[in-house]
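Listed after this line are the structures, all set down as structure tokens.
Next come two complexes built around subunit A: one with subunit B, the other with subunit C.
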Partner chain A sequence: MSRALARRETIAGYLFMLPSLFFFITFVIYPMVMCVWTSLFNSTMGKEAQDTFIGIANFVELFQDKIFLKALWNTILIVVVSVPTVCIFSLWVSSRIYNMPDWACSLFRVIFYLPVITGSVAVTVVWKWMFNNYYGIFNYVGTSLGILEKNINWLGDERFALWCIILILFTTSVGQPIVLYVSALGNVDQSLVEAAQVDGATDLQVFWKIKWPQIMPTTLYILVITTINSFQCFALIQLLTSGGPNNSTQTIMYYIYYTCFKLYRYGYANAMGVVLAIIIAILSAVQFKVAQEK
Partner chain B sequence: MKKALALILALCLALSVVACGGAASSAPASESTPAEGGEAAPATTQITLATYPIGKWSDEAVVNELIAGFNAVHPEIEVTVQYLDYTNGDDAVNTAIEAGTAPDVIFEGPERLVANWGAKGYLVDLADLVNPNTYASVIGSCTSENGAVYELPVCMTAHCMGINKDLFEAAGAWQYVDAESHTWTTENFVKAVEALVAYGHTNVGAVYCGGQGGDQGTRALVTNLYGGTYANAEHTAYTANCAENVKALQLLKDLEGINFDASIVGGDEVSLFANGTLAMAFCWNVALENNNAETIQFDAFPMAFPTESGDPVLQGGIWGFGIFDNGDQAKIDAAKTFVEYMTTGDAYVAAVEASSYWPVFEVEGMYEGNEQMTEYGLLVPYMGDYYQITKGWTEARTAWWNALQAIGSGTDVQEALDTFVETANAAANAA
Partner chain C sequence: MKERKNKSPYAIGSAVVIAILAFLFAFPLYWIVTGAFKTPAAINAAQPDWFPVEWTLRNFEVLFAKRSAPLWELAVPFSETLTGKTVYFSVGPTPPAAFRWLINTVFMSVAAMVLTCVTASLAGYALAKKRFWGRGLMFTLIVCAMALPKQVILIPLVREMAALNLSDTLWAVIFPIVGWPFGVFLMKQFSEGIPGEILESARIDGAGELKTFTSIALPIIQPGIGALAIFTFINAWNDYFMQLIMLQNTGSLTISLGIAKLQGENATDFGLIMAGAALASVPIIIVFLAFQKYFTKGITMGAVKG
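Let's look at the complex of A and B:
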């Protein structure tokens, strides 16, 4: 290929990238830079309000803020519980359904994917009704069967509220991993599976030695996406508990929203955003590293 | 062929960028619409009205009728309406303010217009539009500490309680109610709750604290029971940790039948009352009764909050117009024309009726013969200090339901209220 042709192709390539690059810079890079920049200021709402440079004071305050620390703990708990359960459950379901007849496999995929395509508000309203303290179905069934002595205020009791959120998050998170795993398992090289079986490998060995390495890229993708989604759990909290009771369902994302939109402390909220982004980046990097080593 | 395809594709992509960029360019602030045939027409000023759900001001048909009346007199002003709710309305307005696209006119109360957006310098002083007959206390609540009137008041009400009269009668609790004055004593309130529980209705009332929605009810309940206060008379500090409020909350905490419920807010409580689950609602007023008329299958009886003295102090609601200073004098003038129209003559009566509340100055014959408004009107004289304009109000509201949640979870009442006052006063001092 001549240099002129190569240059022309390079230019064409960049031109094709330009629209995406524009959106990426405008809606990702620029807000990221602004977020870091604003986190260094005491920035608030007001026509006459002036932003004051305060260096890392917002970050120092963050780690003395009991609510932030509680939110951080809750967020980590959500991630630690939901990421493995989502991955394991979706892998198990996928492994059971991927070799079923097409109609059955599609049916299960639709069932598990439905909560994903249903709007989060609609899903949340239904769950809120089911958890209702006075006439919710869980209390109705529980008390009718004698499992519960009296109604439980699922979302109003700090012992249960966060677990209810995790349960809802679980149901809305498994759809996409199941679809991806079904696809990945379907693409596993059958000749290797058959060869292993001929050599006397057990089902577990076939899965662990043959299938698992081949679906590793999918697993990595699911791990990263589920981790990010769990960290960014917001709508459920906003619609169900507003972070209560007693901050027991407070998450970093919700606390960012509250600090920004209710208290108008833009700098402080941005500082939280920076910390959250760093945590997510570190975890994602670790996940990539571990997966690559495998 | 390949080149042509690439060119078309590149053009499409480039156009999509231009199209998106085009959306960012703002239209001229005041737009004039040319008449057909190229003749110059009178300039049409477009303004946006944002309204919270105040009575029927959330009903598009009602609001359109009000605006049609305005346009019959002022065809040169085009009004676009944005309907807000109390869950996300503040966020929508705040985002619009930061984006430079705040509505021109907004219909809400002093806690937002005066204590928040007005105090932050976003609103226009409307002192020149105030009707001199407006009740002094109302004007006082709409006036900022710098003397500017950031809310042109339209209507007002006294938030009260609602009780299920049928259930009260069945449980033998009706005897504890002064049906004529719609008041009761703290002692009788307790007896009524006990009677209802004994009757088998275990969910008598809920101290809802899942969020700030309807928090005027829980504040009024607590401060009335033993005559406590929420903020000082100067509206500079919060005083809710007084001994009277501690006693009141302890009473509520210990009273069987009253649940501290962190899973619901005022709106949920109203629904639970309307469908008969709860025997009483602490978040209630005439508009709420009308809005839930189809659900309510019993006689919803409005009541003042119980007091030891028999002299209740109800939480007021005052709603009116604020005008955002968006830097366009033509729009400000048009907005002023709109609010002046809506607060004068027959249009004013229609605007107040749409709210389902009461006028802020004497309007002869209004609600005459209206049994429901006469009944609820008995409670309006109990309206107390409008302390919602105390500094740091936004943070104080959150601190309040957090305190109630803490009490519901077993935290010592005094400790929870001390934390509330500390947080709220810190916000007031920082404001």
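Let's look at the complex of A and C:
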């Protein structure tokens, strides 16, 4: 490549990158750096706030903060319950619908995707009504079928609140995995499947030996996005329970919000953000590692 | 082979189970839409109506009775930094608040979508097809940033927006969405498919860089842009957390925030809240159904390429 051409390539390259780089650096890289930096300060919201450098004191406090540990525990519980159920459920549904007639397959795909499209707030408010102590459909159906003896205050009861949240999260999480699995299963090499069937393989063998390895990349992607989504579960908590009753539905995401915008402890909230980022990064790395070895 | 499998008892049984599940998944949406037309008496009855017995528009009347700010009142970005005071561009009548929220949401989603598509396709093309110093570094940076969770940037962004005087404007929500590097990454993967020889011959024919991009690269990466557009639109529409921390004034709320606010103020008027929820969800569902085919393709392509 001649020098003039190389220069032209460089200039053109940077000009093409420029608009995107501006937004990327200003609104992604800079706040990321600031998050880590501010987590080392005792800092409050507000214009005349004075920041004092306190090193890792925020992090030390974090791991002695009972509410944070409770939030961490709840978040891990949500992830541990919802990620496998979402993956298994969506794989099962997809494997049943992907070779149905086209209209049926897309109809089911659309329906399972509806809660995602409806939007977290609209979904949450209708579930709040359905779970309501007096006017909710769950209590009505439960008591009239004789399953429940009396009305249950689903979201106000420590025993049930978190499970209600997990259920709603589940309905809003399976849409995308189903779309992905249907397309992945449709792309499985049919000649291999047929060859195995000629050789007398059972459906289960065909699935584990042929289809499963081929949809592995999709499974990995679904694991990663479902984990991240479960970690970020926020609207449900904020609108349904505000972390209550008695912190039984407190999650890291909600606690970050609460610390920052209700307690105005800006530096402390950032320290939580850093911890959350590290946990998610480690989990994603582990998932990639495990999947690569298989 | 397929015929036989489809008729086994297991296949029929599971089809029935899936149909029942599908019904349950669609139920909340049905409950929103019918609830929006139920009378307060029907909603607060211990025994719910499975279908509205008495239809009413009362919920929508209450919803639309709330007024907010003039129709078009958009803060010009960076105006305060440049001129010392916030310049508003405002005309038109004062519509119901809910209507205003809907317009805000549409504006925010469309602006985020257009800006993302333009910047990402330019940058993705450069990363894939231009050879320049620092290209590898930039790409690494983008991939690393993508692997980190978004919430890390959200809290510092609130302060940054306040410093830039963008607080409480829709731009505070739009710009971070545009900056998020997933789009650049996706468009880079698509641009890899542009044959180098065509670009080379265009250059020999004396076409300028921008001309080469618009006439050769753009048609090839168009399906990718379509996917990215839908993806960004829906994500922006539903990005509740970012909207919540950035927007406070009644005039600048999005429809999601609006319903959340309604819910906070009238916790038990479920009819009114359902009317709001219907207003928030029905338009986006119509968009989704209209572009369903592209949308499905969009999510799949995003996953395969990503």
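Worth pointing out:
In the analysis below, the second predicted complex is superposed on the first by the 269 of 294 C-alpha atoms of A that agree within 3 Å, B and C clash if a C-alpha of one lies under 4 Å from a C-alpha of the other, contacts with A are read in each partner's own complex, and residues count from 1 in each chain.
Assume contacts are C-beta pairs under 8 Å (C-beta built on N, C-alpha and C of every residue); 3 or more make two chains touch, one makes a residue touch a chain.
These numbers come from a predicted model, not from an experiment.
Once the two complexes are laid over each other on the shared chain, residue contacts for A:156 go to subunit B alone; subunit C is not touched. With both structures placed on the common chain, the touch criterion links A:281 to subunit C but leaves subunit B unconnected.
By the touch criterion defined above, A:197 lies against subunit C but remains apart from subunit B after alignment on the C-alpha atoms of chain A. Shared-chain residue A:135: touches subunit B and subunit C both. By the touch criterion defined above, A:241 lies against subunit B but remains apart from subunit C after alignment on the C-alpha atoms of chain A. In the superposed pair of complexes, A:122 makes contact with subunit C only, with no contact to subunit B. Judged by the touch definition given at the top, the superposed model places A:87 against neither subunit B nor subunit C.
In the overlay built on the shared chain, the residue A:19 is in contact with subunit B and with subunit C.
Once the two complexes are overlaid on the shared chain, A:78 sits clear of subunit B and of subunit C alike. Of the two partners subunit B and subunit C, more subunit A residues are in touch with C. Comparing the two complexes, residues 12, 15-16, 19, 45, 47, 132, 134-135, 261 of subunit A contact subunit B in one case and subunit C in the other. Within the complex formed with subunit A, the residues of subunit B that make contact are 6, 9-10, 13-14, 16-17, 90-91, 94-95, 97-98, 120-122, 203, 209-211, 259, 261-264, 272, 277, 325, 394-395, 398, 401-402, 405-406, 408-409. Taken together, the subunit C residues at the contact with subunit A in this complex read 1-2, 5-6, 11, 14-15, 18, 21-22, 25-26, 28-29, 31-32, 35, 43-48, 115, 118-120, 122-123, 125-127, 130-133, 135, 138, 141-142, 145, 147-160, 162, 175-176, 178-181, 184, 209, 213, 234, 237-238, 240-241, 244-245, 256-257, 259-260, 263, 270, 273-274, 276-278, 280-281, 284-285, 288-289, 292, 296, 299-300, 303, 306. In the complex of the two chains, the subunit A residues touching subunit B come out as 12, 15-16, 18-19, 22, 45-49, 131-135, 153-158, 241-242, 244-247, 258, 261-264. Residues of subunit A touching subunit C in their complex: 1, 6, 8-10, 12-17, 19-21, 23-32, 34-35, 38, 45, 47, 92-93, 96-97, 99-100, 106-115, 117-123, 125-130, 132, 134-135, 137, 140, 171, 176, 179-180, 183, 194, 197, 203, 218, 221, 228, 231-232, 234-235, 238-239, 253, 256-257, 260-261, 266, 269-270, 273-274, 276-277, 280-281, 284.
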